[in-house]
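Provided herewith is a single structure, encoded as structure tokens, for subsequent inquiry.
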């Protein structure tokens, strides 16, 4: 497949030159592409250290270091699908509920345009309105890489829409099928012992980091395939799933996380699933002075992009 | 006056030891003191770079470097008034309007307790609910040190409560007498040419930085005294009034601001006015890697404290 | 067991608000609690890069991110023991020997009050006077996680009290039983080839990082249990035992250290031993711009706290 | 004049959202506008600390904080001229001489398109090929704000094209009329006592910082007007002219420089001259961790833009 | 063997005192020593983020933390060979080709003086002129630890001498025997799918990070011994081979790299080979705010030094 | 005068290359030169934030940016006097009193060798033992640029030797004539109102920053000349005298200080006095992430060097 949606050639235009779009790609509308990379600058769902509103800009910036062809598969996503930077989703910094509606509407339109969305967040609350926009045909499967379950009921006088609660809402709203929902990498002390009960009672499979370490990437990912099966599945990757030595710039870091090696290996093993979209969330540049978190995030976005390109190729282009 | 409200003695307890309360003071209730230093961690009013929710903690931290006696007057505020760290005002990170009510109620109770509040913010929106809590007997005078007017009408689909709008609301609500309201240090490009019209039409005196530089501290402050007179007056100091070389850690920095020398000289010349409270706002630690902004802020808080102690001494203690 | 010694609830008081006490706990006297968390700001024993005098403040600061219940055991230390922030141990920044005496006396009084001390240092020399205060009934066992042996004889013209010498002193003074003393994680070049001879000759078991890597956490910790047995044992955790990618802010970093995963797993396997106290030392905030070292340290303190709570529960409360 | 070349409205699209073009302007070709803002990422002329190749990206990033209307004049450049981000000038990172030719050709084409160029560098060598592109009709006047004269003959075995030599070359090549060339702000030790002889002998007027401080902005700028007169004049602003407290991120900082207040006042007094283009050079982001240098640079760019818009308005649009 | 080439004794001269030479060694000429440690400040070969010109200074600075005796072998390189800091190789910052000649000549003279060179770079292009200086007797073996192959043909209009191309040149020039050339740790997306073809076609053995992880250090290093055999072999260690969490300060970081543990283990297993020199390249201090990259680099240099000392000891001193 | 003591030529050896000696000078013994530049890494006198032990290394590092000829006088110190880097004064990090003796002895020997010492500290306590070494012929005059008086009696249980007390000791010991002692720039709150009484009662002239600002540099320096007269005088420059925006990296910063412009102007006006030595103290690199403080300090050292060279020239060389 030939396409005009190619990254700038770093052999003629240096990586430090040019506007920092995602992966150095052209800017386009979702209707022109198979995969739309979107920024979603937003942190109104954050309970402690904000800053993910600046995430998309730094992820774009660091994505200037990405290249064309995956060294393991030898394949380039840009040969397999039309891909572009489709800009930022605009929200309202003073109205949380209106922002959720703006996001849902945006993703419904991306879906209507026929593009698979790959989103650079933003705090983890954004996954809820994204799912509202995408899961129009019934509950989808969900694969969550994360240090936290994000299935609390509410915080602070009953606030139901925070970055600690999106997936309880998603189950309640019928956006996600809890029996096709798996969480990997959870760890860290919790506020009360019943913290994980809701998710477990609903049928969600929780793989704590200790189980993950014991079993290894391949065994865990085989189970993930078994859980979500061949039906439509969404992937959400919270950067705090990765160890803070490799991703310090996030609001709620937890030591003892995935290595980037493990993270990359897991994302590669998503290949073959029916992924309908993915996000990478919780990169908070004000806490990332070295830029390493955004670099890690940009590389995970590239890995996810390769998986999504495989989905496009398999289905055939529109 | 003898008082138990003394800072820790740095000649026996090193400045790096002990809990970092404001000025190394004891923690107490407003009802026990003449001046209550309060933290107000809050940034829901911020339009661009958030982070002032972390301001009070770093201002407390840097205030460990403060000492007892002002070197110009030879007076110690702790000899003139009972002063304590009265803790943080707690707000709701997911409910802006409820937060404003929580703040108003808190300051009404501080006022009822008979203490003068000195507040470490927080973004500039906090001045509005503080004034609601304090201006129960009618409009007060207002002295604002700032790079920005903060008298916009609204942002983003009509949001009326942001850190760019508090003083228009305060005038509309009758909390501030616009003819006894003076703004000093304004500068920086603006969104539209009519930006300052509301304030000017209402009778507010705007002293841009250019006029300030031409006239000098003493002349300007003489006019300030003439404007606010001997009636109750509130003081609000936005750290972005100071030049970003001396206060980089703020959400909306503007080059060409006050030097700290000028800022200190101006605050000292507030002496003799009937100040009913003061705040220091917009310190955003995530953008202050060296801690200099919080150090500058803590020193301005100390200067304000000395002025407030003079007010207490003049009125006699309760 | 019900107790008033609870951390602030982060669902109603945001983590960025309030005074940063250890784990957001109340401040209390050792006599009121089962476990006393103490700060010990001190760096007079440091040979190269100082800064651990600022350690306790930043460990408190980052401990705002800790929560109540351990996710592996499902147990909360606050349900099992009364625990508080018991303030800082005050030393004399110009008198090393007097400081050692002040520390010893302080820990003797904590012991007399019946509380188990958990200390946030400070450089590694502090373990010596802590042991002097605690080992009144004869030599104790010692488990040391560290990159360095700290059993040199002296430096610089015969200085015997430095952060490179505490454990030789502790053996000489009969505070530690060298046959119940194990060191784990040692590595890095040494000043002379006989460096480890003193410790080995005295009967100390040294497990270098290479042996640790080969055998793994579980095997090593089984040997640790065998070495210290069921008698009273002190635990000292030097943050430089952990890899500098996860704990860069320390005076003498050595690459190739424990991962935090390994460190957490080891500390959890201290469960069941008769621990009489523990410390976490060598966090030097001036070399920790991102705060990651203090976060790692605060999390290790939480893991140690869970182990100590188990000791308290087993023995019954006073 | 109405124009579609407007910055994004920060009241509906937050400043942290969207691609960071210069001043949040649309991207366009020079032929579409009156003033072309160009990035010129380049540091092959640097003798010591490189990094200005990253300058345009960070200047664009910080320019997100700029607004529409100058607060002193009440005028918006966007009402007076068509202005756009015209992208980066691409050079060859391995061929200095070829890069100079690429730059010259690019500016010749901008000139041919009828746009006034405003350039964000890049090290100071870029002014030479820019002048080559612009001074096709004979020597132009030159106003240089700088800590250094940049009129050395050569370095390192005779290298004639470095950031310390552009203006000797420009005089030699007849691009600049040395009697219409003024340098303001020079300071700092020099390599040999005859350093300034070439410039002085050629007729260049050097105003050292000491003379500047003694005379003040207005007197100096009156002389500048007298020197360059009403003929075509280029303006080059080296960020190291400004004090390193306000612009630390540069390769060759010199203490004791302009304050930003002074810099802004000087640029405003360029109004009325026949400016044919301007550049802002030597912003080196790797040495600017706080972003303050790029913020200062972006604000100076805005001030220069306002002056250029006045030139456009005076001449009438094309 | 007794030698005057000893590091300063940190027990009498603190590590923070004295000039920061490599390993705190004396400065000497190559002709006086068996192993010459050289700085090579150079970054003219860099395609994106420059800064390695500052590498040698920071590597020297951090090497102040190194000690005498390797803790695994119990041997000190300073007992086995005469070793000194032989200063910096001076190049021309404005002439890439002349710089390559200066470097080649310098290493030819080091070789003629009979010293083994250990080089602290500089970007990876320096390995080419080093090999030109050393491989006078025919092609040598090459062991490359790296994230990238650095066997591109050219960049930017045909530039053949960049940090992405040295090893293709070295093969073409007959400096390296491609059948005795092994690359370990390669990873990261590539610009085109044929990227590795040249190296593979030439007979180079590429061990990607995925293969390395699967097989482990010992198996891989056994193969390395088999590949290079007992003939003269050069070692080049690109710091970006190591994971960016442990070496962030480099121009082209790639996540998922070697741990320092793995890197140290591999270097130790070079023992027994006929190493004729080694370099450690691509440390870029402007991107290394914490100094961790330089610390990691200095420790790898110490490990390489121990290997080289073994070579000297085996051959007997001159 | 011709001399071999010349800085490296930055036109042939780049500033980033070579060992970072002071001003890029050769290393020599005091007996070989007229002016000995010495490092004095020491911070045992520090009450709060330590780190000046790392000062000399970073001052050397930043002094790589200095050049040969003063741009105002057109004179080079290297043409007027023999000047070298005479290494670091070694002290004992565990014995304050012994360190003071080591320093005194070192400076007595420098004096005996006939060289004028220019010292890069170290905390301010070092001025005491330096004066002990230099004032062998009776009390000398003293010019102190500083934010603090440093004439306290004692801290912490009677410690008499701290960086807050050196000048009271110096007066008591008859090293300094208090009537020929002037302090300039003092400011900041103080611990008790009688803080300055000792100095004033002894006859010391204190010029607070407020008086300095009102009178200006020239008037103040004329008084300084009148106070110290033509007799031997020592100069001590505490970097915290300068505003923290230009010198943040220091242990006890105070806002509202000298600008570097003012500082440079004052040091230049020392010309003509009989200066017997000078120091620049309190640069604390761990609190100076941008290096600006060390750059400012290195430039002040260069200005002091020019003044000392004038003294040498006037007296004739030995």
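Order of writing sets the labels: A, B, C, D, E and F. Residues in every chain begin at 1.
Heads up, the rule we're going with is that contacts are C-beta pairs under 8 Å (C-beta built on N, C-alpha and C of every residue); 3 or more make two chains touch, one makes a residue touch a chain.
Note that the coordinates shown come from a computational prediction; the quantities given were computed from them, not determined experimentally.
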| item | value |
| --- | --- |
| If a chain touches chain B and chain D alike, it appears here | A, F |
| Fraction-based call for chain F against chain D, same above half, different below | different |
| C-E or A-D, whichever has more C-beta pairs in contact | C-E |
| Geometric centre distance via CA averages, chain F-chain A, whole Å | 56 |
| Length of the line joining the C-alpha centres of chain D and chain E, rounded to whole Å | 41 |
| Contacts with 2+ other chains: residues of chain B | 12, 14, 16, 47, 49, 53-54, 93, 155-157, 243, 245-246, 287, 289-290 |
| Pairs of chains found to touch, sorted by chain label | A-B, A-C, A-D, A-E, B-C, B-D, B-F, C-E, C-F, D-E, D-F, E-F |
| Touching residues (chain side chain B, partner chain F) in the complex | 9-12, 14-16, 65-72, 74-76, 243, 245-246, 259-261, 264, 289-290, 292, 295-296, 299, 302 |
| Chain B residues within the chain C interface of the complex | 12-14, 16-21, 27, 39, 41, 53-54, 56-57, 60-61, 87-88, 90, 93, 289 |
| In the complex, chain B residues that touch chain A | 43-44, 46-47, 49-51, 53-54, 92-96, 98, 155-157, 159, 161-162, 286-287, 289 |
| Complex interface listing, chain A residues touching chain C | 47-49, 155-157, 186-193, 195, 208-210, 213, 243-246, 248, 252-256, 287, 289-290 |
